[in-house]
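To keep things simple, chains are lettered A, B and C as they appear, and every chain counts its residues starting from 1.
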Amino acid sequence: MLQFLDFFGTAVFAVSGALAAGRKRMDAFGVVVLGCVTAVGGGTVRDVLLGSQPVFWMQEPWYLGVAALAALATFASEQAFVIPARALLYADALGLAVFAVIGAEISLAVKDSYAVAVIMGVTTAVVGGMIRDVLSGDVPLILRQEVYATAALCGATALVALLHLECGQREARLLSILVTLAIRLSAVRWNLSLPVFLSRGT
Amino acid sequence: MLQFLDFFGTAVFAVSGALAAGRKRMDAFGVVVLGCVTAVGGGTVRDVLLGSQPVFWMQEPWYLGVAALAALATFASEQAFVIPARALLYADALGLAVFAVIGAEISLAVKDSYAVAVIMGVTTAVVGGMIRDVLSGDVPLILRQEVYATAALCGATALVALLHLECGQREARLLSILVTLAIRLSAVRWNLSLPVFLSRGT
Amino acid sequence: MLQFLDFFGTAVFAVSGALAAGRKRMDAFGVVVLGCVTAVGGGTVRDVLLGSQPVFWMQEPWYLGVAALAALATFASEQAFVIPARALLYADALGLAVFAVIGAEISLAVKDSYAVAVIMGVTTAVVGGMIRDVLSGDVPLILRQEVYATAALCGATALVALLHLECGQREARLLSILVTLAIRLSAVRWNLSLPVFLSRGT
């Protein structure tokens, strides 16, 4: 089940990378690269920081295959119809939730620290999108946007807390994914945001 | 003492990241992330290049705690008063000096090469700021600006040279920090800069 | 011979980094940094992803020496004459071809996977240029441009295929370099490009 959701999240993130490439009028190669980088970038940085190399997609090449296919399908289908932004928003929220949970679990397997697990969960969930934005020449959305990374933070924290309380692994995963989804979708629905910092210095 | 200065440098760099986030109107989460990335980014890249993973802040979580607190304090205090730019400039110079020395020492402990130690000293001192600028959508200041990275380069070189001459560790550290500070603050005081490259090609 | 070409590719990529720095009016330090990062960035990311740390230029410091010298020579010579863009284009194509072959070979030595070898060949060849563009504040050219990374992809694939067919190592290298050069130079000559993605969504 988690395997299937991981598959799903990889594809959704690749679609978001491909669409960003489209907005910048990149060519077919750029679309595939940006799709793959968005899909596996977060997990790659997580593995490098933890020292788990060769990184995960070298062990299981299907990740890059799924991401490349999703990016190419986006490229092809955009000629035919417009992908509904709202559907993408929901799919992206699910991808975010799944990646946060998977990232935190992988971190716990390597390094026995709750704080590190939460940070690695957020890293897995949001760093791919940050690299996508930097390569597209934009300031990363998640640093400015509505509650996005914060939802991943709450989800990863929920997982770590539930595992600490010796909740079963399946229940902990499910609940953490629901926590992330609830926060993220509420933010989308009611347009919530964190306070913004207006610097007056320099 | 070096431990205290390391603490100080981490906080100062986090403040500079938080202020950059403020200039880009990021939200509270973006401020904390940019503060932390600026504070620990240089050391993280150093550890990854040397292969010392899990990276340092996974071993000693207080680094991220200090950085996050400094970023949040910046966020909060900016509502009340403007942080004096000049004080920040001096504090930043001290942080630069300390990080260059620490980076070079850590490199020497892992890899017995003077050239690598100097490069890792500069990396530790300036890469955090480069990542901050890239995530803020700016061309990294240190590539254009007055003598900044050059001061770190001289400080790290001084440390390596002094240790090679079998100077005591404490004296070597102190002298190298003073070298960096002297060069950096002279550059600020008299507005020194390296020659600029005006390309006429392409 | 490959050692000499590696040397040559490193110098050419450093020149391209230095010229990018010049276009952004960076100072002498920025020119050297951007030259070095462009020259060794791809191989560094390859080594980090594969887990071969300390990275290659820490083992063989001449790489950074060559890159720094080439960047400084660019800086100096630009005051005297304009580097012909066409010569640089040919030299860059050769660097691209050599780096793709070297990257794929190094990957095969560490990890026994053809797919990973091809990706690491492309990574070695193009990531330095991507980092150069990001640090210069541009959207990476290779994501938008004429057939560039695609040439490296074909070259790395040719190498892997030829080695699989038990072709001799020298012949495989030579043929793969010729494949990359032929594709890249044809693209330059006839202005070929991949289809561009025009997003209509969001």
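To be clear about the criterion, a residue touches a chain if its C-beta (ideal position, glycine included) is under 8 Å from a C-beta of that chain, and two chains touch if they have at least 3 such contacts.
Remember, predicted model here, so these are calculated numbers, not experimental data.
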item: Classification of the chain B:chain C interface as same or different, half of numbers criterion; value: different
item: Equivalent-chain rotation between chain B and chain A, CA atoms, steps of 5 degrees; value: 120
item: Between chain B and chain C, centroid-to-centroid distance (C-alpha), Å; value: 29
item: Set of chain A residues in contact with two or more other chains; value: 48, 51, 134, 137
item: Touching residues (chain side chain B, partner chain A) in the complex; value: 18-19, 21-31, 33-34, 44, 48, 51, 53-55, 58, 61, 64, 75, 78, 82-83, 85, 134-137
item: Footprint of chain A on chain C - complex, ascending; value: 48-51, 110-111, 113, 115-116, 119, 130, 134, 137-140, 142-145, 149-150, 153, 193-202
